[in-house]
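In what comes next, chain A is part of two complexes: it sits with chain B in the first one and with chain C in the second one.
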Partner chain A sequence: MREEVRLALPATAAHVRLARLTVASIAAGLGFSLDAIEDLRIAVDELCYLVGAGGRDGSITLRFDIDDDVLVITGEGAARAQPMDARRLSEQILAATVDSYELAGTEGRVVCRVVRRREAT
Partner chain B sequence: MGELPTPVADFALDTSDGTTVLVVTGEIDISTAPRLREHLQQLDAPEVVIDLTAMTFIDSTGLGVLVGAVKRVRENGGNLILRRPSRSTRKVLDISGLASMVTIED
Partner chain C sequence: MPDRAEVRELLGTYHRTGDPAVRDRLVEMHLGLAEYLARRFDRRGEPVEDLVQVASLALINAVDRFDPDRGLEFTTFAVPTIVGELKRHFRDKGWALRVPRRLQELHLRLVTTVAELTHELGRSPSIPEIAERAQASPDEVIEAIEAGRAYRSASLDAPAPGDDVTVPAAWRIGETDDRLAGVEERNELAGLLAELPERERAILVLRFYDGLTQSEIAERIGISQMHVSRLLTRTLERLRRRAAEVEQGET
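== the complex of A and B ==
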């Protein structure tokens, strides 16, 4: 089964928790463990930050690609100046909370993609 | 228009037992971290306890605020204690290195 959920959010700080609520709902539906759901809430929050959440305007888009035992989240937004230490910490957190992540930027846009597989039960 | 109406974080100061305790409730993210910073900056006790029992989420921006608080308290010769972090909070404290900079009470 493959399904796709798309979410478009204002890039303002207050809306990031909608992304956390969405990923928690999707991951729970897929049967992810509570620890994995917590990891995904943290990961999607950092993903949002890396693609520009927290600015004054603009928007970010999130796409959740859902398969039987894997969740792929792709976020995209306008590049925003962020302190290097903060970006580094966000990436450290991503690395520890998902199976893999990719971050790429081009022409003022940033795309971040994370993959998390459901543990075998 | 714009802001979500429901507050997702709350802060309360408790000095009833002679110790300065900041009780944090809810979620600390890029939206609420500035309020955490404001509350921490108002504390001038040498030893500060941040009670995380009811804190359900923290991200890198919240961790950044805590790092700033640790540095400030240490510069004044004090100590910062994080009380009862959740398992997921403990995980990001470890990832960030903050766990090694503070006292953690389970």
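== the complex of A and C ==
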């Protein structure tokens, strides 16, 4: 069963909490383990900052695509270019917390997508 | 160091007369002590100015309550009073943001619940499993996990009086440092990572470079999964803040 949840947030650090709560709630519904949910909360946090949360204005959008045991999260926003060090750390964090991720940027627009499957129990 | 005879005399005078000028003089003479004690609690997540303030107020309190007739040295009385007040400060300030008491309690209860379930199941539990054991709803469990971000590990890390601040052997993980050395060369993150406390750095490397889960890290270094979660969160926030500062050239 495919479902989709969309979230549009002001691009400020204070609202990232809503993204974390949302992903935790969706993943809990899919039967993800606490470890996986902790990973997803960290990944979504990172994703939000990558696409522009933590700024002072603008907004970011998040889409959660739910498909049985797979959760795909796509974030988009008008982020500024990140310093290389910070970006490397962000990518390292994503690589460790989700099964796969993509990060693409064009003209002041950054899109980040992460995929996490429910582990076999 | 204040002159003992002078201190004794002033305390006697203040005890008899209640002269505020004498009290001020006594407080002034011992501010160094208050600051010294406050700094022993530094690096626990609270601004040091706040700690000095707490210690100074405790010092005033100690001057007021000291009874010179009991024959104690003033410092013998003042040190435990000030340290007690600092510890109380950490306990009360454990929650940085306003978190409803019910969520605070649930969060703290989850520490044991998660540990028990992980042990019994031999894997990381699901939210419904945790909720059932903790007699809460899944939504409440999720909120309680999120509330961990508002929990300052400061209160958990604060030393007991007389404690030397030591790093348990389990945190000094040799291979972690080796891995990190490689990381630093590749990423030029050396400056930021080097600023982290040893345990936080170890957890960061174990999670993001060695791929251990939070439960595995918890078991390996002997703290709860919930605490690993809080420490990771705090470390990432700190790195993010520092990275922003570095970017703005405010090193």
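Basically, the second predicted complex is superposed on the first by the 120 of 121 C-alpha atoms of A that agree within 3 Å, B and C clash if a C-alpha of one lies under 4 Å from a C-alpha of the other, contacts with A are read in each partner's own complex, and residues count from 1 in each chain.
One rule holds in what follows: a contact is a pair of C-beta atoms (placed from the backbone, for glycine too) under 8 Å apart; a residue touches a chain by one contact, two chains touch by 3 or more.
Fair warning: this is a prediction, and the values are worked out from it, not measured in the lab.
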item: Superposition on chain A - do chain B and chain C clash or fit; value: clash
item: Contacts of A:Ser25 with chain B and chain C, given as first, second, both or neither; value: second
item: Touching partner for A:Arg117 - first (chain B), second (chain C), both, neither; value: neither
item: Touched partner set for A:Ala36, first chain B, second chain C, both or neither; value: second
item: Touched partner set for A:Arg63, first chain B, second chain C, both or neither; value: neither
item: Partner chain(s) touched by A:Gly54 [first = chain B, second = chain C, both, neither]; value: both
item: Residue contacts on chain A - larger count, chain B or chain C; value: C
item: Which superposed partner A:Leu89 touches (first chain B, second chain C, both, neither); value: both
item: Superposition clash, chain C versus chain B, among 37-45, 73-81, 127-135 or 181-189; value: 37-45
item: Set intersection of chain A contacts, chain C complex versus chain B complex; value: 17, 20, 35, 38-39, 41-42, 45-46, 49, 54, 85-86, 89, 92-93, 96
item: Footprint of chain C on chain A - complex, ascending; value: 17, 20-21, 24-25, 28, 31-39, 41-42, 45-46, 49, 54, 83-86, 88-89, 92-93, 96-97, 121
item: Chain A partner contacts - residues on chain C that touch it in the complex; value: 114, 123-128, 130, 138-139, 141-143, 145-146, 149, 186-189, 192, 207-209, 211, 213-215, 225, 229, 232-233, 236, 239-240, 243-244, 246-247
item: Chain A to chain B touching residues, read off their complex; value: 10, 12-17, 20, 35, 38-39, 41-42, 45-46, 49, 53-54, 85-86, 89-90, 92-93, 96
item: Residue numbers on chain B that touch chain A, as the complex places them; value: 2-4, 8, 27, 29-31, 57, 59-61, 63-64, 87-88, 91-92, 95-96
